[in-house]
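Before anything else, here's the structure in question.
Going in written order, the chains are labelled A, B, C and D, and every chain counts its residues from 1.
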Amino acid sequence: MDKQQKREIITKRIAQELADGDIVNLGIGMPTMVGDYVPEEIDITLQSENGFLGLGPAPEEGKEDKDLGNAGGQPVTIKPGGSFFDSATSFAIIRGGHVDVTVLGALQVDEKGNLANWMIPGKLVPGMGGAMDLVVGAQQVIVASEHTIKGNPKILKECDLPLTAKEEVNLIVTEMGVIEVTDKGLVLKEINPEFTVAEVQEATEAELTISDQLKEMKVE
Amino acid sequence: MDKQQKREIITKRIAQELADGDIVNLGIGMPTMVGDYVPEEIDITLQSENGFLGLGPAPEEGKEDKDLGNAGGQPVTIKPGGSFFDSATSFAIIRGGHVDVTVLGALQVDEKGNLANWMIPGKLVPGMGGAMDLVVGAQQVIVASEHTIKGNPKILKECDLPLTAKEEVNLIVTEMGVIEVTDKGLVLKEINPEFTVAEVQEATEAELTISDQLKEMKVE
Amino acid sequence: MAEIVSIEAALAEIEDGSKVMIGGFMAIGTPENLIDAMVEREIKDLTVIANDTGIPEQGIGKLIANKQIKKMIATHIGLNPETGRQMNEGELEVELIPQGTLVEQIRAAGAGLGGFLTPTGIGTVVEEGKEKIEVDGEEYLLELPMGAEIALVKAWKADKKGNLVYRKSARNFNPPMAMAADLVIVEAEEIVEVGEIDPDQVMTPAAFVDLIIGGEE
Amino acid sequence: MAEIVSIEAALAEIEDGSKVMIGGFMAIGTPENLIDAMVEREIKDLTVIANDTGIPEQGIGKLIANKQIKKMIATHIGLNPETGRQMNEGELEVELIPQGTLVEQIRAAGAGLGGFLTPTGIGTVVEEGKEKIEVDGEEYLLELPMGAEIALVKAWKADKKGNLVYRKSARNFNPPMAMAADLVIVEAEEIVEVGEIDPDQVMTPAAFVDLIIGGEE
């Protein structure tokens, strides 16, 4: 499976988590792809933390609006029924629990639902942007991540990078499966049939409980 | 001097305190009259704590707008250049120090600049409305008050009614004179020539320092 | 995202004993049709959060007159003598809060804040029972968020998704309340199609709104 | 109430070493003409508060490239590698703050609050050195207000009194910053007559605005 295939599996599976009417914030990078796979009959609204609801796709070339971009500064559009607001209101929406689902990438995530995704000391210090508020505020926090990085597990017993938030992650979706964060640790709920349970556990530092109702992870 | 004459002297004198460009909030009752006496060449903007800047006079009869009232719920108008906002923004303006002057009535005011104007326990409990925020937030707090009530002083050594705010009053204007609240107590800066200094002091429970530059209180 | 419902369906969500915040300021910008329906249905023992209790026959004054409120949380009740009478007779509990504090408490609830520090009320009875915190040599009161089960909001226009626009001074407490309740019910004077409200002019985004009842009777 | 001035007159108010907040988000809604003028005048040793440092040749990126900033307070600097380079070399001090916290700190300064309690940052390095306060069994960080000497704000339209309207996602940090500085300087794309902006559509009331420079070059 190449990187692109992994990302497709992950984001397609996450798209299934979204329900009609949901307000969703998608992080920069892979999470953005989730938006492409939402079934047509499901009407979700994307929140953009720089200040609007109703984030639409990139405009045709030449139709960019200098005053309309996503949180990465890239030109986007707004869908009918969207609204603009200032950053204080944007984070009132986010921190106040009015975002139903946020999907973010991870450097590390652990069995308590701790997430590290904003810095590697001495190496990469981009800043947390809106991630800390999103992870604390959203009703449901879904991590979209490849299962390992350079062969090393990203799903750990305990994160050792600086945290983005403590015990806030609800669901981890990787190319290997779907893992729920529970009071009793990580529960493998779905598995990609290309892998065995043993393989998934081996690629995971934290101990996985295997769900009684372990299902096949289906995309498309 | 009858009540009406007193109120006219007080509010005309306070109108002289306002400077071009000032944002001003006038309390319900006598303070409202201050707006009528602002010289034409002085452009002030009235803030209405229920949510707008640019408070204008009452509309002609029949031209009332059900959606436009002052903080007492009475029909008013808005002047060109005014703006509407919600109550949270209104009190961001007030508490944040963006109102230059507020003029309020008093039940009692004392030599430390304490003000009591929102309740008489067991008798009158209307609520503080926006007064506590206004007195704390406005740059300049001016009390508009008759000097005495039923022959008893209202300017006391120490208020005994529940306070509206502690040590926030800057200026007290009565029909007898203009009194500044300073670190060293109350300073009589202007006196209405119809009274003697002795008479003013006698009508005042707190001790007055008489300004070296005591001036005649002039209206019109 | 909102749903357009009948006034009966909206009212079915409000039970005896509910905690309800109601927009408006001296009966300007108050959802009068929702209040009339509450009076008709005789919903009782309410805790109501609002700026004021209106005047006797208008706005929240109607709920006061009909004795449907057990506890009133407001900033000012002076223009409705019946509220004072019920309070003095012990029929109605009244909690008075400075206006800037009340609206900020409501906003804090909607914005996911655990509280805020305000200078308002220092040295007055308002500070009783509250934590005082000093910041940079200044004393502040720690005020806590105030949410409710239900918010009744009056809008001028709502689109079918729930984006709201208010008109003139009828805005007042409505936008912060629309953020701060589990269920937000909007009475709109006019319901328009999605797309008819310029996204730059939306005052309450649809994300906050649950139910809309529409059209003036 | 605002005054319309030349860009030179506006810039005269900004000194070496000033603390300046600058609106915009990834160079959308940033007052580029004011920044260009700051670059030209070589105003140095600035403390800048902004969401980000733009990209190398846009927005605040220009001030970074020209090494005019001594301390940067921002939420994200990842899209401008030069900021990271200067930080790593010790040429630039960078303080990183969660976005929702930064904007709320700015709002608190403008709104006269002494601080607020947020759940954001609990259990992370953000909590270091901050007071923790428990409310209803939940832990919060006490975050303090953040004002500045000067705010540079980008508006779409300003009327001659200083009422502002922003356009689309260029609004972002501009309205809260317009509340939070001793001197608020607005770069407006268009300056219109008083009365041309509907009072219901004003996004920043004139009470907050001091100086306006206008018209795109």
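The rule we apply is simple: a contact is a pair of C-beta atoms (placed from the backbone, for glycine too) under 8 Å apart; a residue touches a chain by one contact, two chains touch by 3 or more.
Please read these numbers as outputs of a predicted model, since none were measured by experiment.
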*Count the touching C-beta pairs: is A-D or B-D ahead?*
A-D
*Please flag the chain sitting at the greatest distance from chain B, going by CA centroids.*
A
*asked:* Averaging over Cα atoms per chain, report the distance between chain A and chain B in Å.
replied: 55
*From the C-alpha centre of chain A to that of chain D, how far is it in Å?*
29
*Please compute the C-alpha centroid of chain A, do the same for chain C, then give the distance between them in whole Å.*
35
*Going by the touch rule set out above, which residues of chain A reach two or more other chains?*
52, 78, 84-85, 91, 94-95, 136-137
*Numbers and ranges of chain D residues touching at least 2 other chains*: 104, 107, 111-113, 118-119, 166-168, 171, 199-200
*Mapping chain-to-chain touches, which pattern fits: line, ring, star, complete or other?*
other
*Let me know each pair of chains that touch one another.*
A-C, A-D, B-C, B-D, C-D
*List of chain D residues in touch with chain A within their complex*: 25-29, 51-52, 55, 74-79, 84, 87, 94, 96, 98-101, 103-104, 106-107, 118-126, 156, 166-176, 203
_Give the list of chain D residues in touch with chain C in this complex._
104, 108, 111-119, 133, 135-136, 138, 140, 142, 144, 165-168, 171, 199-201
*Along chain B, where are the residues that touch chain D in the complex?*
21, 23, 43, 45, 47, 52-54, 78, 80-85, 89, 91-99, 136-137
*In the complex, go through chain A and note every residue touching chain D.*
48-52, 65-69, 71-73, 78, 84-88, 90-91, 94-95, 114, 124-133, 136-137, 162-167
*Within their complex, state which residues of chain D touch chain B.*
1, 107, 109-113, 159-161, 163, 179, 194-195, 197, 199-200, 202, 205-208
